[in-house]
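Quick one: structure below, then a few questions.
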Amino acid sequence: MLIARVVGSAVSTIKDANLRGLKLLVVQEATPADVVRGEPFVAADTIGAGEGELVLIVTGSAARCTDKTRNFPVDAAIIGILDSLEVGGEVAFRKH
Amino acid sequence: MLIARVVGSAVSTIKDANLRGLKLLVVQEATPADVVRGEPFVAADTIGAGEGELVLIVTGSAARCTDKTRNFPVDAAIIGILDSLEVGGEVAFRKH
Amino acid sequence: MLIARVVGSAVSTIKDANLRGLKLLVVQEATPADVVRGEPFVAADTIGAGEGELVLIVTGSAARCTDKTRNFPVDAAIIGILDSLEVGGEVAFRKH
Amino acid sequence: MLIARVVGSAVSTIKDANLRGLKLLVVQEATPADVVRGEPFVAADTIGAGEGELVLIVTGSAARCTDKTRNFPVDAAIIGILDSLEVGGEVAFRKH
Amino acid sequence: MLIARVVGSAVSTIKDANLRGLKLLVVQEATPADVVRGEPFVAADTIGAGEGELVLIVTGSAARCTDKTRNFPVDAAIIGILDSLEVGGEVAFRKH
């Protein structure tokens, strides 16, 4: 699972019918200290994440293993909001 | 899902029989501000996208989760046309 | 799907029994203008491609969605021979 | 399978219901000599790995092929604790 | 399929029960001329490969499409031993 920050959102009217009602968020991979890195991409939100939050993202077929995305054409999904990350015995991130 | 721009099209006569009738477009990953980056590749169009449009692409097995591609040898599919992208509270892209 | 050029072939006697009879070609990703880039890898040929041809390759589980590869341990397959590619309104490649 | 070192842990309260009870560890790919490289990501622990241990990680759909993760939205799982690695006839790593 | 050289082996006692009896080899991607490149990773051996041999590796779900790995948590498998590789009309590799 990727550590990523929600940085925005996407709007698409003409899209696969199964995607209607799915919230599509723009995300960017982040370090455990919440520093964004890499390029933005779009993930389906399955848990009610909001902009600025640090989240867990699954990619590939795992993105379709949720009640909100099963069998849909989705290859990236937010499946958790991170409360905290600990690395090397230290708190790297804690949600405010 | 990748943000990508449709930059061209591909023609192939000798191909897997299941691909007949599928439109194959050349796409290039893009930033949320519609600047292309990365290398061109080919995606199956499932929604009627046109050259120059910013689209959403799924890769891997997700590309076969549409009515037009189910069980076909396809690993990238256009599944949405982007109307707008918002990043950091600002409009990064809006379709003309 | 990747745009790739067939640059050679592979011979393997000791291999998974299901691969017997499958032609294994060495391929290299290419630009739409047929300039090779990236590193060579091996793909199963499902359509009778020949050395020097520009082809379409699917990777991942899509490589098993053809009549010649179903359920076989294959993660890359040639599924089309490219006749032409158009990028930005210009012909980038046309087969001789 | 990736060689990786467990470097920390992740806590997420709001997450996909199927992930409850799964331990989520922060891992980092490592060389056979146990030097970390690459960026940290999160993997589901299926075998009781602890911080500092060198482990084997599967990514993609393989991460759901364990009794603890079947059908869950998981794309990376720790499936083995490494005792030793031999490279080029020499011991590159041995667990203390 | 990746061209890779077997460079070593991995030992893991605490691991997913389905992996018992599977030989885990350390491999490194290689050019068709048998020059290693990239970082070492671990692949399940399904055909009796030995150290120093140039092999074909499948990654992702293809790694589970062999009689020895079906449904196991494995994302990389050796499925062929290379006898020879020809690139650009020349022999790039021939097994001794």
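Order of writing sets the labels: A, B, C, D and E. Residues in every chain begin at 1.
The criterion applied here is as follows: a contact is a pair of C-beta atoms (placed from the backbone, for glycine too) under 8 Å apart; a residue touches a chain by one contact, two chains touch by 3 or more.
Remember, predicted model here, so these are calculated numbers, not experimental data.
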Shortest walk length in steps over touching chains, chain B through to chain E: 2
Other chains in touch with both chain B and chain D: A
Distance between the centres, which are taken as Cα means, of chain E and chain C, whole angstrom: 20
Where chain A and chain E are represented by their mean Cα positions, the distance between them in whole Å: 33
Residues of chain B engaged with two or more neighbouring chains: 60-61, 63
Order around the closed ring of chains, commencing at chain B, then chain C: B, C, E, D, A
Residues of chain B touching chain A in the complex: 1-3, 29, 31-32, 37, 46-48, 56, 58-63, 65-66, 77, 79-89, 92
Sites on chain D touched by chain A in the complex: 7-16, 18-19, 24, 26, 39-44, 51, 60-61, 63-64, 71-76
